[in-house]
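Each of the next two complexes has chain A plus one other chain: chain B in the first, chain C in the second.
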Partner chain A sequence: MGFSGKQLMGVGIFLFVIFIGVPLIIAATGRWDFYYTLTSVALLAIASAGVWLTFYIGRINIGQGAFALIGAYVSAILVVKAGWSFWISLPAAGLFAALVAILIGLPILRLRGVYFAMITLVLTQVATLTALALPITNGAKGISSIPLPSGVSIFGIPLIPDFSSMENTKLAFYITACILMIVTYAALYRLVNSRLGHLCRSMQQNEELASSIGVNISYIRIVIFAISSFFGGIGGAMFGSIAQSVYPSSFQVADSVNFMLNCFLGGLGYVFGPMLGTLVLYFGWDLLFEFGKYQMLIYSTILILLIRFLPNGLLSLSIGKGDKK
Partner chain B sequence: MEQILANGVYLGSQYAMIALGLTLIFALMNVLNFAHGQMYVIGGFVTYTFYGQWGVPFVLALVMSCVTLAILGALIERYLFAPVIKGSAREESTMLLAAGIAFFLDAVILLVFGEKQRGVPKIIDGVFNYDFKLIMPYDRILICFLAILSIVAFIGLMQYTKTGRALRALAQDRTAAQLMGVNVDRYSMIGFALGAMLAGLVGGLLVTITGVNLGMGGPTSIKAFMMVMIGGAGVISGAIWGGIILGFMEAIGLALLYQYGDITYLLIFVSLMIFLAIRPQGLMGKPWG
Partner chain C sequence: MSPLIQVKNVTKKYGGLTANNDISFDVAENEILSVIGPNGAGKSTLFKMISSFVPTTSGEVLYRGERISNLKPHIVARKGVVRTFQETTIFKSMTVRESVVVAQHLRAKASLAGYFWGSKAAKEDVDAFGKYADELLEFLGMSPISNEQASNLPQGSLRALGIAIGLATDPKVLLLDEPFAGMNHDETMQMVDLVRSVRDERGVTVMLVEHDMPAVMNISDRIVVLNFGEKIAEGTPSEIQNNEKVIEAYLGSVDDEIGM
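Let's look at the complex of A and B:
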């Protein structure tokens, strides 16, 4: 894979902005609450990346909230009840979400179009109800006072400092979330530009045709759905750790719909679309907080106008100027 | 047992009406209307305002609910969905628009009607009591009867009028309908208005029994999606079956499993997923709708 100088420079500027620029601006303006907002954006962008990936095989996924909830609960239970380190429970949460996705995906990935969209929406509701019904998830009370992530050291060299001994956990969570987000999108970019990515694009266009020329479509869609849910689980687990609590209502149908909106708004044809969509939607929602009870009205009006006049996503504005994907 | 069956008929007739509107919109425009539950809530609030607050006769209040929602639906179709469907590279963009409209209507309901639970005075007092085996308040029986009547009227409209024929032609094949001289834009608008009107009518009917509040929109949409999936998306008879089946499942589940709380809905969801794994297109749907 060759990168052009322009692309490398873009990535460089992006890294500089999120790791040096943003902390400097926040220190200068004193708006420490933006750390929490931006951390949420980074984590939601991870989950949205998963939704985007399912769209890449031509499925509209409104069930990411279910997998985020599963991830959050798995991590919380492992940390609180089994005493694991958070950093081990994080991949475990992702893997568990992926496992669930494989089991559920086997039947439901046969559905297409609007049926798949509706069944995944129902799935979010199922996850919430399951969390309410199971004994291990503590019902409606949820799991609260989850300890902050502990430190990790190998051979006495501290790799990750202990979060509970830190003065500024907000900055630490922000940097962790950004690193996770960058790894996610790097992985996504690599995946889309690999052989698997080409196969996915062929499925997005026409599954029968792809199948007829020897693409193992049922295998690919399970793999993609599992990866997508892995992202959802990671995002959810990290969210639970920051909020230090998980409730059945942590991720609901509205969150699932929002993950989908992030992808649609950013533009489905672009790998970095969901990241931009999440930033615009979540940050916009946060900025509109000052309008009090008109917040929802203004937010939804802007959303409707955006889709009315830019039905192909925000990034579609730059079509033709190159820099596609 | 009689009680469970009567409850099933009652719930099923309500649900079928909600599902009918959703499936009609889906059949005509391929739009998954996320805002359907919100339209239902608006219908409830309009009837509440006219009948509960201003003392207008109930039937007139119902008519007002229908008219309001029909106009709202027509405007949404004309100025939002139609241009987006034309200008969008992918059909799925309409889902984003529908979700945006759902948020918007929620915000409007919150600002105009507030967040309180609202109820209206009973239309008729009294309870039908058959030997303590079957107990049903008279107003529920009336609402159930009105709902069934509306469904019959709707089917009649779809089967025997020119508008209905045009709408059915449009649902079957858009291009062919256009070639046969059906004014596609106009009938899309009429269809959307009709679907929204059905949602408003159910809202107006149910406000007399369950009352209405802001939070009812989302869950109602999800239930409507489930009914449409059971019956098959975009099929009128499927929506009616889906509504009746879900109504009976809920009535039976709530009666038998009431001590376990929310487990009824969990079971319904799980059985729906198993059912769809075996029959992805629902009971009557076309494969890959």
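Let's look at the complex of A and C:
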């Protein structure tokens, strides 16, 4: 694929900042808590990438919290109760979330616009209630003291070190989350620029016309929703592992709404929009902490203004249309 | 030779309203067949049933002897029966060329995963689609606007784009719903020539719905006339022009006249 020199340089700078710049700054300032913040941003950005993908087929998805919760529980149960390695439970969590998405998606993906959005809004609550009710999820007590990810070695060659034997798990989780995020967005970029992405675009713009040219729209909707939820499951599972615990309230409706806002804010027309949106929204919220009880008010006002005056997202400011598509 | 398309006793009811009542006719391979009739006669409904966009209430449509009604639109499109839309229906934020490229996806040899990983077959597909898009746009005389965003095009070009998208799927049968709507006389005559060359040079069987009578009489091999959901006549243009029932149907309606 043809990448321009400018794009390659952008990617290079980005990788440098993430893997070298940030650790250096944190070491220099001693703000170790920043690792946790940035790790969260990376993981939330993974889940947001999924939401962005459902936008790409013209569906407003306010249910990603449900799939993050599912992923977190699946991984926790596999590690704690079945004794699996976290590194195998991670893709399993994504796949399970995707499977649930297929089952739920079959009936609801026919709905469009607000109807689909409303149903997905309910999903997170349903997931929470299910977690409260099922024996395997341990009800309100949730699953706690999940062991840290164990080491992985193939033929005696260590690939991933044992997290519990590490001095600085914060850095390890940060690196892991960043790698996952980069893989997610690289995959998303490829997908959008491949035939599947083009078919999605055709559906987003006109479903009837798309089916008249032979696009199996219901199949593609399901595939996309499954991939979207896979990302949600991965993000959630990773979160659970870092927190070493999962509760029914680990992901709530508010989280689902935030995933969606991240996409709006960054820009629905840009693959990397949700990443930027997540970063800005997460830090924006934190920075407004000083305003105490006015935090929510100021935050909401700024969001409304941003969406009003930058309907195509933050990335529409700097990037010419379609440049970094 | 057996007909390419057989419409057999097709009926469509919307609640109490019968949009098509027991319609039957055949379309031969390489024919240009027009369906005419006053507003609300059921022409678009018939096309939607042939392309499986709506199910029939009873009756069936066969393509090469195989049922194509009451399936899914994309399945019928894959078999080679493709419709265009009466309303302006385009991919708004794609360019003309992008639309024509995406419409070729049925011809893809590589799998979706192959495209994701960038397989050799996928690269060949991409090249082939681009080449064919340029060829097709050249053929349709649309090369000058190939990089225009669809939403910026004038009405006449939008119609042409709709046809280009349909043609890009490489159909055997193309159903055009009012392809000349909103065009002036010259544009219409150009389009008539174009539709004819689609049939002559690409071997596409064409069915079309049109209100522009001079164009219909000029282009059609045969004509089917609908009125209030009933088929009232079928025949060559000259037979239709002299058919009493047809003249009556058109004189009886306020907003249409048969211009012969």
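Operating definition for what follows: the second predicted complex is superposed on the first by the 315 of 325 C-alpha atoms of A that agree within 3 Å, B and C clash if a C-alpha of one lies under 4 Å from a C-alpha of the other, contacts with A are read in each partner's own complex, and residues count from 1 in each chain.
Here is the rule we use: a contact is a pair of C-beta atoms (placed from the backbone, for glycine too) under 8 Å apart; a residue touches a chain by one contact, two chains touch by 3 or more.
Computed from a prediction, not measured in an experiment: that's the story for all the values here.
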Ask   = Looking at the combined model built on chain A, do chain B and chain C fit side by side or clash?
value = fit
Ask   = With the two structures laid over each other on chain A, which partner does A:T130 touch: chain B (first), chain C (second), both, or neither?
value = first
Note = With chain A at the vertex, the Cα centres of chain B and chain C span an angle in degrees (to nearest 10) of 80
Ask   = Which partner does A:A28 contact after superposing on A: first (chain B), second (chain C), both, neither?
value = neither
Query = What is the contact status of A:F264 with respect to chain B (first) and chain C (second): first, second, both, or neither?
reply = first
Key: chain B versus chain C as contact partner of A:L121, first or second or both or neither   = first
Ask   = Quick one: smallest Cα-Cα gap between chain B and chain C in the superposed arrangement, Å?
value = 11
Ask   = Following superposition on chain A, which residues of chain A contact chain B and also contact chain C?
value = none
Request  = Please name which positions on chain A make contact with chain B in the complex.
outcome  = 55, 60, 104, 107-108, 110-115, 117-119, 121-123, 125-126, 129-130, 132-133, 253-254, 257, 260-261, 264-265, 268, 293-294, 296-297, 299-301, 303-304, 307-308, 311-312
Key: Complex contacts: residues of chain A adjacent to chain C   = 1, 187, 190-191, 194-196, 198-199, 201-202, 205-206, 208-209, 211-217
Touching residues (chain side chain B, partner chain A) in the complex = 26, 30, 32, 34, 80, 83-84, 87-90, 92-93, 95-97, 99-101, 103-104, 106-108, 110-111, 218, 222, 225-226, 228-229, 233, 261-263, 265-266, 269-270, 272-274, 276-277, 280-282, 288-289
Message = For a test of understanding, state which residues of chain C touch chain A in their complex under the given definition.
response = 51, 53, 72-74, 77-78, 82-85, 89-94, 98, 101-103, 105-106, 108, 110, 112, 115-116, 118, 122, 125, 165-166, 168-169
